[in-house]
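Labels for the chains are A, B, C and D, by order of writing; each one numbers its residues from 1.
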Amino acid sequence: MEPGPLLRYRCAAFGRVTMKLKDVIQLRVRYSETDQMGTFYNSRALEWFECGRTELMRSRLGMSYAALEEKSVFLPLVEAHLEFQGGARYDDLLRITSIVELHGRAKLRFDVEIAHSGTGKPVVRGYTVHAFTDAQGKPIRPPEWFVEMLEHFHK
Amino acid sequence: MEPGPLLRYRCAAFGRVTMKLKDVIQLRVRYSETDQMGTFYNSRALEWFECGRTELMRSRLGMSYAALEEKSVFLPLVEAHLEFQGGARYDDLLRITSIVELHGRAKLRFDVEIAHSGTGKPVVRGYTVHAFTDAQGKPIRPPEWFVEMLEHFHK
Amino acid sequence: MEPGPLLRYRCAAFGRVTMKLKDVIQLRVRYSETDQMGTFYNSRALEWFECGRTELMRSRLGMSYAALEEKSVFLPLVEAHLEFQGGARYDDLLRITSIVELHGRAKLRFDVEIAHSGTGKPVVRGYTVHAFTDAQGKPIRPPEWFVEMLEHFHK
Amino acid sequence: MEPGPLLRYRCAAFGRVTMKLKDVIQLRVRYSETDQMGTFYNSRALEWFECGRTELMRSRLGMSYAALEEKSVFLPLVEAHLEFQGGARYDDLLRITSIVELHGRAKLRFDVEIAHSGTGKPVVRGYTVHAFTDAQGKPIRPPEWFVEMLEHFHK
């Protein structure tokens, strides 16, 4: 028998529950994102990761990140890791797969994989870790309603 | 006999006085600013124009733009024009020449020329026009102390 | 009686024919495109203009710009003009309307209007002018098949 | 007695030699690099890392990266890690410290620390790992002259 959502969350500390929400978007490489090597410039990957986070929150968490900031909850990036696996040229259609989960008690982690939409050929994979802060940048606990929202939408 | 600064300013409407301040900086093309055509991507020119404005204000107006914003005076861009005259590759050293003047009674205009530092070969020329606003984006008159500062540093 | 496409093009010099193709896309403001004023940074508008051009060419001209470059036809920007009419914040949904036409005998011009998708409130308007060059950047005449393509898709 | 350069290099496998070259540059935060949170947007850190690499190679390795690419040696990024330690606002003066070393037999690694120039307050630290490839992106061994150059300039 599957435990209810609240129980599942309480078990998290025992490593038995992975609170993961997943979302997939598509995105085309802009000319402005290429560099003279003919592929995308490396820092664009972090901007694409942001597009993935934005759409995951809107479509899967039931609240856009813009709405979250209006409630004075900010998610500044504190850590990022990137592995560049293959090139992508101007106008290539990419598929960005993002997964979100709580990271410890007070952080959020997004795992991201970017691949060519048609062939599935990998482009970049990595993750970003985010703190919860107020508008002044002071660390805060993840709001309870946010954690519940994560739980509620968890399959 | 040269008219005093205040008189000169009052004459501006008659087209007899050009309140211009000029500054020159150098800047290297970053790899992140190139595109797959092998030259810089067009929008970078507006970012380089900003570098020119920033340093002109710091070195010639006696007040950085950062300090101006702290006094709740903002200079949002309202118009820009760009002519692309020649390419510039990664690591090329460019020379940015910026001239500032009042534009009508309530705007500021920067004329900018970007050329290769060594050869003088032209890269981009253009201008930007800026409104004066408060922190909320409401248009304001150019503060009197700002106009006087422009006059004071005018040679 | 309406003249046929070839005739119409030959009349262009007399100003009787405006070869215009129009396309509309939607685009969300990325967090990476904002600045500390809370609106988008000015140079992003040129990157959005590029998105408009890219999709107009794909959907209306029957050949993507990527395919055009593969045929060794490049369209580097030679002139741009921008009027900033209003702000746009992170996650705002924008509508980009692009119109393309031949500009003289050897250039292409795109007129662009960016507005808020919901309210229609204007954000930026402007244009870009593009030369036709080969892969080495040498100016070329617009290929005949390109001009015919423009005509063919013209309503 | 210090071993000669070749010997030192051969000892590298035994972990007794760290072939490290260090360089420090200064850089101002551009307005275009800020975001609506009021600090720099996260992806800019990777662009600043690039500035650090570029100047380290020019001033310490005796060959600019541009010159290296002309010799058909490319250093695409294959991995990056970033820890965001503190904010940096528009016009803040930053100090970028970069250290380069061979990473295994066929990669190059740059360790970077970015801090406020005046106070030394940390902003970002991280590293990038680069492959050696030819102009077509095919992996190559680090050219012997490059390894020797690294050794030669090693103090």
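Everything that follows uses one rule, which is that a residue touches a chain if its C-beta (ideal position, glycine included) is under 8 Å from a C-beta of that chain, and two chains touch if they have at least 3 such contacts.
As the structure is a prediction and not an experimental result, all values here were calculated from the model.
Visitor: Going by the average position of its CA atoms, which chain sits the greatest distance from subunit C?
Guide: D
Visitor: Report which of A-C and A-D is connected by more C-beta pairs in contact.
Guide: Most contacts of the two pairs: A-D.
Visitor: Which whole number of Å gives the spacing of the CA centres of subunit A and subunit C?
Guide: Between these chains, centre-to-centre, one finds 33 Å.
Visitor: For subunit C and subunit D, let me know how many angstrom lie between their CA-based centres, rounded off.
Guide: The separation of the two C-alpha centroids amounts to 39 Å.
Visitor: Approximately how many whole Å separate the CA-defined centres of subunit A and subunit D?
Guide: So the centre of subunit A lies 27 Å away from the centre of subunit D.
Visitor: Of all the residues in subunit A, which ones touch at least 2 other chains?
Guide: Counting only residues that touch two or more other chains, subunit A contributes 31-32, 43, 46-47, 89-90.
Visitor: Residues of subunit D touching subunit A in their complex?
Guide: Against subunit A, the touching part of subunit D is residues 37, 39, 42-47, 74, 76-84, 87, 137.
Visitor: Please output the residues of subunit B touching subunit A within their complex, sorted ascending.
Guide: Residues 31-32, 34-36, 38, 41, 43, 89-90.
Visitor: How about subunit D: which of its residues touch subunit B in the complex?
Guide: Listed in rising order, the residues of subunit D that touch subunit B are 28, 30-32, 46-47, 50-51, 54, 64-66, 69, 89-91.
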